[in-house]
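The first chain written gets the first letter, and so on, giving A, B, C, D, E and F; residue counts start at 1 in each chain.
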């Protein structure tokens, strides 16, 4: 499922699997520097030890970034025909801990005409950790160029 | 609208405005280090000059992180009663450029019972840049503790 | 002890306790990038193994930064009435190692008039690690707005 | 004034001048990642525009780190005879803005016996920006090995 | 010139051109954090102003890293058949300044048998800035799997 | 072997040994942010577990940066008489893993006149890990000022 193509080329049901990305403590620190999104759940091991999860977790919004990294690398490595339209329904189902490796399957789950130049493609990502536990589900909306009429 | 409270305490229509956060080139680089989410649109000034936006933009997923930072700082600075349930409908409406300052208004737009211990609160964020242009709209779902019956 | 108030509102002896912040290897690396303050004691595990402390330590100036982070988050999260005047007497009493979680108690230990608009408040921080060992003592001087005469 | 020597070798009044270090926006972001010490004065250009300083400033604690970097590089580049004892009297006299280049003169201003193995040396740093404005004064206390009796 | 192939598939004289990567001040700071490779030429605007180049430059070793990034992204985005054998003859011909965008052409300039399983391929990169000035020339040696006999 | 001297002062065969630098996961993440040079071998623990090396490795180009850091710190800490001319023959002989501490011996192995103002000095670095395994060999070319005739 290379995304280097026109909106017309996508077929609902297509799937691709990515490799993984390990999330580490350094990712959390850099993410905080880039966003100010700090919280004891992510940086205070003492607080986290007393929390139901028992240890520090990665911020949900960092995982969204890592998923975006997998998209850029494995789905659309050099694509310039896309624009990020938005997300529908992101669900955090299972905590992500430093040391976890996230990978995902992407599936084309919907298509919608937008205008003469572009259409929308909805990709659903099912993101699992190294133990196969389903951590996050994402519905990602990409705006993709339509094939020129003359073409 | 302090969020240091129980699910029952939220009223639909409540609003709060945050201060801003300036997004810089350093934020983009650190975000890439934390996520691998690199793309010519964000790191190649030559490519970006030939693109409709005319210059490099910040990744959409970085803006989600910055919005999360505004939430943590201005809406729920020390709250420990919340868990991030997910997002509904994130829309990228206007590009964010390095140097832009994002701020937002947050509004409680929906509430839903979940179980005996928790309920869901939907916050809608309207994120603008320093010129007041609406850049991003987010529907954020937080899971909030319910007030104990005895309380 | 919210610091969102005037100089007149502080009472000597007031105390507040913060949550913690875990210092990691990533913090040391980012601090070096931000300051050039590198030394074998912080980045060379072989050298550090032969040193009395037996392993790499966090730079003292990084701990000052982390303490500043605890101040910003737990003492004055949104305050805009303060200016940082300086420090008196910082003492490094016990080494801080990667993995340690620092937390502190803050106490108002002195007040001094400065001029018509501002006064000084001295906060003394006693910073401990996760084992309760006293690592650092700081006397921090904040310049705080005085209550307007008419108010 | 090489510091690669014993406590007995320091003479009150000795001076050395360092080169400079330019503080940039990237330094502020990395410092925040390493410490969580974020504040609108350092990351919100809109807020800062309405503040007396007129634009974002570098955190005081970041400047302490940069000064530590100048010490490590220019005063004691490879020294292993020192331990950081603490600071006396740090004063922030003039704001530091992104783009400023800090340099300093260091002077030995006091010496004190500590025990048989070590003595204290107080270095006073006068830190100026590229326009020669005095921004920060620091009294830094280093614990230095004493010359062995047999030597 | 996709590199997702066996050693036998490379032909001397093949060429590919990459997009660019803009080097910024934040890249320099993060590189210093990752390597300790700091020098007044890269972080002291005052010193650099008096140097023949007139302003701060990017470290040569950072440019080697950025070139490696272009290789990973544009030449071998997902390849797992390669191992980095080394470099021959890297020459820094023109300074790289923050704000410059580097891009390059890669050419297969030599091939050498190594053993039954692998062969060496030499890629020569000619790296230019946004003005077309030749900044760096690199001879990069990659060890590539040979085609199995049965294939 | 202080390099604070003229080209004429170098003697072939001179040697110096540096202290070490520990490479960590945070170094890899910051290097990726500074260069975009990401690859599953460095960030995907699952992929790396199935690779002959069995775990994630540091990028070769990061090690080049760390070696540059050792040069700047231990060989030429404040030298301003040098310009980096390039490298000859870099060989990656043994993988570098997060947690490894690299140190090296530097030897002057060649000298070459360049012009009236400068000469070339070739330094050969033999870089070992904490177990003494030879990981990388580098031939580094520095351009050094010649002694003025009148001097």
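Keep this in mind: a contact is a pair of C-beta atoms (placed from the backbone, for glycine too) under 8 Å apart; a residue touches a chain by one contact, two chains touch by 3 or more.
Since the structure is predicted, the reported quantities are computational estimates derived from the model, not experimental observations.
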Counterpart interface for C-F, drawn from A-F, A-D or B-F and sharing over half of its contact pairs: A-F
Numbering shared by both copies at the chain D-chain A contact, with half separating same from different: same
Of D-E and A-B, whichever chain pair has more C-beta contact pairs: A-B
Distance-maximising chain from chain D - centres being C-alpha averages: A
Euclidean distance of C-alpha centroids - chain C vs chain D, Å: 16
Cα-centroid distance, chain D relative to chain F, in whole angstrom: 29
Euclidean distance of C-alpha centroids - chain B vs chain E, Å: 37
Residue numbers of chain D (touch at least two other chains): 19, 21, 24-31, 33-34, 36, 38, 40, 43, 73
Chain E residues touching chain C - in the complex, by the definition given at the top: 29-34, 36, 38, 43
Footprint of chain E on chain D - complex, ascending: 19-22, 24-27, 29-30, 73, 99, 101, 103, 130
Complex interface listing, chain A residues touching chain B: 21, 26-28, 30-31, 33-40, 59-62, 64-73, 80, 84-92
List of chain B residues in touch with chain E within their complex: 24-26, 28-30, 33, 38, 40, 43-47, 56
